[in-house]
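You will see chain A twice below: alongside chain B first, and alongside chain C after that.
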Partner chain A sequence: MKSRRTIARRSLIWLLIAQLMVLAPLALHIPLWLSVTALLVIAWRWWLERGRGRFPGPWWRSALAIAVTAMLYVSVGGSFAMETMVSLLVAGFVLKLTELRREGDVYLLCFLAYFVAATQLLFFTQFLGSVYSLLCFCAITGTLLVNQMAGARSPASPSPWRTLAGLLFQALPIMLVLFLALPRLGSLWTVPLNSTAGTTGVSDSMSPGDIADLMQSDELAFRVTFAADIPPAHERYWRALVLDEFDGRRWSQSDFHDVGNGRASVWRRSDQALTELARPMSYEIMLEPTGENWLYALAVPQTDASGVDLSRGYTLFQRKPISQRKQYSVISQLFYRAQGSGLDEREKRAALQLPDTGNLQTRERARQWAEQEPGSQALINRFLRLVQSRFRYTLQPPLLGDDSVDEFLWQTRAGFCEHFASSFVFFMRAAGVPARVVVGYQGGQVNPHEGYLTVRQLDAHAWAEVWMEGVGWQRVDPTAAVAPERIDRGVEYSLDDSDAQLLANAMGRRFAAWGNLQLQWDAFNYRWHRWVMGYDNQAQQDFLRRLLGASSPWRVTLALIVAIGTVAALIVGWLFWRTREPVAPSVKIYRRLCRKLDAAGVTRWHGETPSDFAARVGQLRPEWAEDMNSVTHLFLRSYYAEDDAAFEALKHKARALLRRIG
Partner chain B sequence: MRDTIAAAVREVSRVLLGKDEQIKLALTCLLADGHLLIEDLPGMGKTTLAHALAKVAGLQYQRVQFTSDMLPADIIGVSVFDSAAQGFTFHPGPVFAQVLLADEINRTTPKTQSALLEAMEEQQVTVDSTTHALPEPFFVIATQNPQSQMGTFPLPESQLDRFLMRLSLGYPDAAAERELFKGGDSRRHIADLQTLLTPDSLRDIKSQISAVTTSDSLIAYLQRLVHATRQDNRFSHGLSPRGALALLHAAKAWAYMQGRDFVIPEDLQQVLPSVVTHRVVAAGVGSAGDTLIDELLQSVPVLPS
Partner chain C sequence: MFLAIKQQCKSYFWRLAERRSPRAEAVVLRHRSIYVLPSKAGLGYMLAGLLVWLLGTNYQNNLILAASFLLFALFVVSVLHAFGNLSGLQLRALKAEPGFVGETLEFPVELISSRSVFHLLLQPVRGPVLRCDLGRDQANVVKIPLAAQRRGWLKPDRLLLKSYFPLGITRVWSWVYLEGKVLVYPEPRPAQFAPQYGADSSGDQGDRVRADDDFMGFVRYQPGASLAQVAWKLYARGAGLHLKQFGAQQRQSQWLDYHALLGDVETRLSGLCFLALEWHAAEIDYGLILPGTRLEPAGGDQHLQRVLSELALFNPAEVGREV
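And then the complex of A and B:
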C-alpha cells in the first residue's frame, strides 16, 4: 500500500545523497549533458524541499521526460549498447524525483537505486569498484531504514547506523552462501559494452608506428599463472595473429589466416602432426576485455576452453569478441618439429606473397644472397649478422617513405621490432623462403608477490617465422639480434633515456618503492579477479565438486540447507545465549548434586521443589537423608534468601554429600 | 508469634478434625488480608471452620444466610428516619463484622452479591452518600454449593477474582470421622476454644508478613508459572497481574506460617492451587481443573533451565 504521508526531511537528504553516490561513477559512461541534468534535477528537488517553487504539473513532467529521451536518442545516434540502456535508466531514475512527494515513492526510488547501483558493476570490475558499489548499497539501505523510521513516528528515532550495520551483517552469510552455491544463470541476451571499443591493444594489421603507440600505454593486457616454473623471457612469445599479406606498407591477415572473419582454417592434428621435443607447458591466462576475437598463447597452444579454436597459424581465436574478462587455461608445446610432407600449396603461396612493385633494392639483394648462401639457415644467419652490426633499436625511428623496407634496411637502419620483423620477412620472401610476421606480446613482468606474470601493452611485439623444411615454422626474432636485452629483460632496459621517456609510467619504473606498491596492488586485484570475478559456472562446479564430492543438484540443495540451517542455528543459539539469565553459583552446585543423584538412580523432576526432592531422596536412600536435607536447606537459604554464609556452608556440605554418593 | 499461629491451627483442628491443610490455608488467607471462598456440600464443616477461626483469632463473628429475596440493604444496613433525632440514623447490617460467613452466596441475586463484593473490595460501605468504614480486620468466608445449581446465580469470573483463595473441605478421613462421631456435636466445643490472637497481634503478624523477602530467583519462578498459564490454551485465561500478586502475597503468608522469613518455591506450590484455580480454570470443569494445575506445577521448571 502506498503511504500517503509526505517525506520526512531526513529521508530526503539520505535519498539525495544516495542518488549522488550511485550516479557519480556512472557519469564516466553516460553523456555529459545527462550528468549535468541529473545534478540539476537533484538540486531542483532540494530547492522544492526548502519550500521554494512548486512541483511541476503532469504536462511539465511529460515534456521533460520526452525532451530527455529525445536528447538521449540524438546523442547516442541510435546505437544500441549498454551505455544507452544505462543512460535511459539514469534518466528515469533522476526524473522520478520531480514527482517524489509521498513517503511511498521513496521506497520505489530506493529499489530503482539498487538496480542502478548494480549497473556500476558492469563498468567497474576492479576491487575498489565493488567496494564502492557496496557503499552505495549501504547508503540506499540506510535511506530505506530512515524512511521506515520516519514512518513509524517513533518518539525518539534511534540512530539508523546500528540497525544498518546489523542488517548488513546478517545479510553477509546469506550473500556468501548465495555467491558460492547459487547456480550462475547465463544471460538471456547480451548488450555489447561500448567501452571496449576504445581499448588499446594489438590490432589485426600492422603498419609502421602501431606498436610504438602501444608502448606508450601501461595498460594491462593479460595475466598468466604457470602451473610449474615460468619459462625464461626469451621463450615467452605470446602470439595473437599471423600476418602474411603485405601491401608495401601494411601487414595484414590473408584469408588463410584471417581469424576475424571466422573463416580461418582450424588446425587439425591430422594436418600437420607435430613431434614434441620437450614437456608441454601448462598455464592459465586471464585476459582483459579487448573487443577483438583473438586470444593470446605461447606456440603451439591447446585449450579445452569452450568456443575457442586453434588456427593454422598456431593462434587461438573465438567467434565472439571478448567483451568481458576471460579466463582460460592452455597447454603449450614450446619446442616442436613438424612431421610429414611440409607446407601445403595454398599456405606456401601466402607465405611467399609480395607486392608487385617497390623495394627493388631489397629484392635484388635477397636474390644475390640466396644464390651465395647454401641454405635458408645460412641466409637467416647472414641477415641477423647484418642487423646486429649495423642497426640501432629505437622507438623514435626516422620517417620512412614509399619503399619502407629499402629505406630501413639500407639507409636509416634505426627502428624497433615491427621494422625488423617486417623487413626480415620481406627479405626472406624475396629470397624465396616462406616467412610470415607474428604479432603479440613478448616477455611480461613477474609479480614477485603472487608469482604470476603481468603482460602490459608496452610488451607488444612483432617477430617473424620462417618455414624450414623438416622443422616446420621456426621463430626468428631479428629484434633479439639488435637488442637482446629487449627480449630478455623488457623494453625499458633496451632504450636510451630519451626513448624511455616515451614509455608509459616512467615514474613507476624509476622508483622502486612506487613500483613495488603497484605490483602489490596489482597482485591484490589479480586475486580479486581470479577468485571473485572469475568465479563462473565452471569454477563453481569445481568448487562444489571439491567441497561435496560431486555437484549433483540434491547435494547442492542439501549443502545449502545445511549451511543456512547452521547459520540460523548459530544466530538462534547466540540470541538464546545472550538473553539467558546467568546461573547462580548455588544453582550450579545444586545441579551437580542432582546429576550425581540422577546417576545414582534418583531423578529430580522439572517441577519438583528442592524440599520435595529431598524428601523423596530420603525415602529412597535413607542413608543420605540427613545430608540431603541439610544441603537442601542451605541451598534454599542461599538461593532464595541470598544468604552468603549459607552458600559457603552449602559448598562444604554439597562436596561432602557428593563424595558420599560417590 | 509463630508458635501462636501453630497453636491456633491446633486449636481449630480440635473442632474440625483431619483438615489441618485447609485450616492452615484459611488462616493464611486471613493473614494475607484476603477473602475465602469455600465450595462444598452442606455439612462438611464450613460454618465450623469460620466460627472456630473467628473464635481463635479473637474476632467478632457474623453469619448471613443468603436467599434469593435478599436485598443489598439486608447485608449492608439501612438508614432510618429517627424522629427523636430529626434525622436519618444508620443501622449497620451484618456486614459490619470482623469475620463474616456469607453462606450460600450463589443463592442470592447478582445485585446483592455485588453489594457484598464491593464491601469486600473497598473495606467500606456507602449508604446515602455517607461512607462507613468496616471493622478491621474484615474477613469474609463465602460458601457456595457447587452441586445444586437450580435457581442459583453462580459468581462470574470477575467476582471470583475478589476471593484470594477458593477451598473445598472434602470428606474427613476415616480416623477423623471416627473421632468426630465419638466427640459429638462440634459446635458446642467452639465455645470452649481458646482465643489465642487479638486484632492487634494480627496486625503485627501482617506487618511481619509484608517483611518476608522474595528473591529475584523466586520472582523468576513465579513469572515462569504465570507465563505458563498464559501460554497454555487449556486454561480459560491466563493469570492476571493481580492474580499473580495475590499468589505472591499468599505465598509470603504461607512462608511466614512455616517459620521462614523468605519465600521458597514450596510456598508458591502449596498455595497455588487454591489461589489460582478459580482464576484460570472455567467454572464447571471440576476435578479436571485440579489435574491441569498439577500438570502446570510439574511442567514449569522450579530452577532456571
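And then the complex of A and C:
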C-alpha cells in the first residue's frame, strides 16, 4: 500500500534505530567514509524531523548520490566482491533517507534493511552475531508494524511490542521447520566475499622467521572432532603444503607440488601402492576462512568433500580460496607405507634439488657423514643426536646471513622449527637422501567440555619428510629432538619465560580460570557452527531419515505441510481463543434446553426468537407449553434485565423441564 | 468482442463474489467471504525474501537461509493475523435518513466485533476510503456517503472492507453487500403549471383555476392558495412566490395535483416536491393527487414524509396508463 500520508514520528524513530542497528556491524566491512556519511545522513534526517532545516531538492539529492557513487568507485577501485556490493547497498540504503517523507517510502527502506541485515551474516557467523542479526530483523519488522499502526484512532490499539513479540514468536516454529526440512541448493555463481582481505595462517613459502611470526596470533585456525579417540599429540601433524624448492633462503613449492596455482596434478591413492598399517582414523574439520586454497589434514587423507582433491604431497586442496568457514570430513591413514618401491624421476629430482651455490660447509659435512654412515636412517639419527645435544629452541634466534644453513648448524645453533626443518632437509639432500619440508600445524588443544581439538595459529609448525628405500616418505621432526615438549604439550610449554612473552594470549593459556571460560565459550560456538552452520544436505538427510524413517521427497513434502499446517492451525486457534466471547450462564442453560428439544424433535430455527420458539413448542407439544413459556420468560428476564432472582428461578424451572422432556 | 468477454467475466466474477457474501441486513465476516493476498508492498517483501534466500544459497550460509525462512514465516503469520483481524467482524445497516436527488446521503453502518479490529479501511464502490479502528465489543458507526442520483429506493452498492494490518504486506479484504435502503425524494425544482388544465373539471379532482379568467396582476403568495395560481415564471426569476390574480377569484384549494403541471414525469414530480416543501414550511394543509393515488389534505411532518414518499416511489408504469 502506497500511503501518501507523511510518516509518523514514531515510525521514523523505529526506522532510524533499525537502520543504525543494521549498519553498525557492517562498519567494519565498508569504507570508513561511508560509515561516517551514513551516520551524518541519519542524524540529519532526525534534525529535519525536529523541524529544523528543509528537505533537499532533487538537485541536491542527485549531487549527493553521484558524489557517493564516485567515492565508492574510487575507494573500491572497480574490483567486484561481496563487500563492494554491500557498500553499494548501504549507500543506497542511506541515501533513500534523504527523500523519505511518506508512509509508503518506509516499505522500500525496510525491505532493503532486511537484505542488508542478512549480509551481516556473511561476515558474522558466531552465535552472538546471529542473535544480533535476529534483533535487527525484529527492529525492521517492528518498523513495518509501527508504520502500519501509526494514525490509529482507536484507544484500544495494543502495544506494538506485544504484537511484534507475538508475530515473531509464532513465526519462529515455521522458520525452524523450513530450516530443518527444505533442501539446500549449491552455489549458483561465484562472487568472492571480499577482494582485499588478507590471508591468514600458513603461507605457501617459508623463510626464517615466518612461522615464528604466526606465534603472535592466538586466532583459531581450525577445530577437529574425532569420531573415536583423539590421537596423541605427537601424531597430530596437520599438513597443509609440501615445500620442496629451496633458493638458499626461502622454501617454496615446485611445479610438482604447487596445488595453489593448479600446476600440480591430482593424486589418486590408487595410483601408487599405499600400505595401511593400522585402522584409518575419521574426523571432521571446521576450518576458519584462510583466503588460501589448501586444507589441513593428517597424512594420508581421503575425503568425500565436493571440490576437494588430494595432492601428490598427501595434502588436500580445492580450486576456490576458502573465504568462508569450511566444514569437511576426512579419513586419514596415520600409519602407512607409500611409494616405497621408488620415486619417479621427476619427483626424485625435485626432492634432491639444492641451490647451485652457498652453504658449502654443510654440503661438505653431509658428504662426509653419508660416507661414514651405513644408511639413511643412521644418517638421520646422527643428525638428530647433534641437534639434541648442542641446539637451543627459541623464538628469538640470532639473525642469519647469506649462508643461513651453515650459520645455523655450525655457529648460532639456536632457532625455531623452521630453522630445524629447513637445515635438516638441506643436509639430507646434500647427503643424497630425497627430503622435503612440510608445513602446517602440530598438536592442538583438547577442549575438555566438548572433547574436540582446537588448533590455533601458534600451533603452526614445519617439519621434514625423508624418502627411504622400502619405507617411502617418512616423517622426521628435528624439533622433536631439541624440544620434545613442543610436540607433546604445545609451544607454550617449550619456551623459556622471555620467549613465552612473545606468544599471543600467554595469560589465557596459563591462567586456568580465564582459560576455562574461553574454552567453554569456544565449545559453545563450535557447537553452534557444527549444528547450525554445518547443517548441510547430508546432515539434513540423516536428520530426516531418523525422524521420518526415510527422506523421500514426498515424505518430506508431506511432513513439511503437516508441520506448517499444525503451526498455522495453532496460531489461528490462539487468535480466536484469545478473543472468544464469554457466554452468559443463562445462555448456557437455554442452549442446553434447545439441544434437548432438538433431540425430542423440536428444532429451533436459525434466527428464531426465544418467544417465537416457545410459541411453536407450545403448538407442537402442548404438554410442555406452560413450562416452556415460563422458562423462556425467565431466560429473557435474566439475560436482558440481568435479574438474578429470575436466573435462580430459571435454573430450577429449566431442570424440571429438562426432566420432563427427557 | 474482447471487451464483451471482459465484461462477461467481470459480471460473472461479481456474481460469484455476491454468492459468497449474500446480501443481508447484518453481515458477519467469515472465511467464505474474506480474501487475503499480498499487497503491492507484500510483493516487494517477497522479492526481498527471495533475494535473501539467493544470497544464502549462493554463499551456502545457513544463517542467511534461516533469515529468508524467517521472512517467509513472518509472511505466513502475517496472513493469519490479517485474516483474524477481519474475521468475526459484524456489520449492520442502520436506518438511513432520506434525502433528495442531487444530495449526498449518509448510509450509516454499524461495525462491531468481539475482538479489536485494527486499521480497517472501508471503501464504497465510488467514494473515498474511510478509516476505522474498533475496540473490543465497541460498536462504531461509519457513515458511508452515497450519491443520490435517482428518486426511489437507493441501495448501497457493495462495500469494500480492507486492511493492511499487521505489517502492510498483506491485503485482506471482503466485499459486503448490505441489505439496506434509503429513500430518495425527487429533487425539489419549480415546474410549470399547465394553463389548459382547467378545461377538464371533474369534482373529485378538486377546484381548479379557470383558464378564461382575466388576469389582474400579482399578489404575494398566501397560505392556502392553489398551485395553479402561482406565478412560476416570477418565481423562476428569483422574485419569490407570487400568485396570479384573476378576475373571478376562487376559493383557494390545497391540492398538489400531478395533472396541473407541465413537463415529463420527473419534472412534474420535482415541481410537486418543491411545492410540498414550500407549503409545509408555510404550514398549509395540502393533499396529493397522483395518477392512481390520492392523499387527503393534511399537515405536519408525517404528512410531508408520506407525500414525499409517494412522490419518490411513484411509478408511472405501475399506474398502467400513459401520463
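Everything that follows uses one rule, which is that the second predicted complex is superposed on the first by the 549 of 662 C-alpha atoms of A that agree within 3 Å, B and C clash if a C-alpha of one lies under 4 Å from a C-alpha of the other, contacts with A are read in each partner's own complex, and residues count from 1 in each chain.
Rule of thumb we're sticking to: a contact is a pair of C-beta atoms (placed from the backbone, for glycine too) under 8 Å apart; a residue touches a chain by one contact, two chains touch by 3 or more.
Predicted, not measured: the structure shown is a model, and the values here were computed from it.
**Q** I want to verify the contact counts: of chain B and chain C, which reaches more residues of chain A?
**A** Counting residues of chain A touched by each partner, the higher count goes to C.
**Q** Per the contact definition in the header, classify A:Glu608: touching chain B only (first), chain C only (second), both, or neither.
**A** After superposing on A, A:Glu608 lies in contact with chain B but is clear of chain C.
**Q** Quick check on the superposed pair: does A:Leu40 touch chain B, chain C, both, or neither? Answer first, second, both or neither.
**A** After superposing on A, A:Leu40 lies clear of both chain B and chain C.
**Q** Once chain A of both complexes is superposed, is A:Val572 in touch with chain B (first), chain C (second), both, or neither?
**A** In the superposed model, A:Val572 contacts chain C only, not chain B.
**Q** Quick one: is A:Leu558 in contact with chain B, with chain C, with both, or with neither? Answer first, second, both or neither.
**A** A:Leu558 contacts neither chain B nor chain C.
**Q** Once chain A of both complexes is superposed, is A:Val532 in touch with chain B (first), chain C (second), both, or neither?
**A** It touches chain C, and chain B stays clear.
**Q** When the two structures are overlaid on chain A, which partner does A:Leu144 contact: first (chain B), second (chain C), both, or neither?
**A** After superposing on A, A:Leu144 lies in contact with chain C but is clear of chain B.
**Q** In the overlaid three-chain picture, which partner chain does A:Ile174 touch, first (chain B) or second (chain C), both, or neither?
**A** second
**Q** Would you please give the residues of chain A that touch chain B in one complex and also touch chain C in the other complex?
**A** Common to the two interfaces on chain A: residues 581.
**Q** Within the complex, which stretch of chain B touches chain A?
**A** On the chain B side, the touching residues are 213, 215, 217-218, 220, 261-266, 269, 296-304.
**Q** If we count contacts the way the header does, which residues on chain A are in touch with chain C in the complex?
**A** By the definition above, chain A touches chain C via 1-2, 82, 104, 107-108, 111-112, 114-115, 117-119, 121-122, 125, 130, 133-134, 137, 141, 144-145, 147-149, 151-158, 163, 167-168, 170-175, 178-179, 182, 184-189, 191, 193, 324, 532-536, 564, 568, 571-572, 575-576, 578-581.
**Q** Which residues of chain A touch chain B in their complex?
**A** Result: residues 581, 583-584, 587, 590-591, 605-612, 636-637, 639-642 of chain A touch chain B.
**Q** For a test of understanding, state which residues of chain C touch chain A in their complex under the given definition.
**A** Contacts found on chain C: 39-41, 44-45, 47-49, 51-52, 54-74, 76-78, 80-81, 83-84, 87-88, 114-116, 118-119, 131-136, 138, 164-169, 171.
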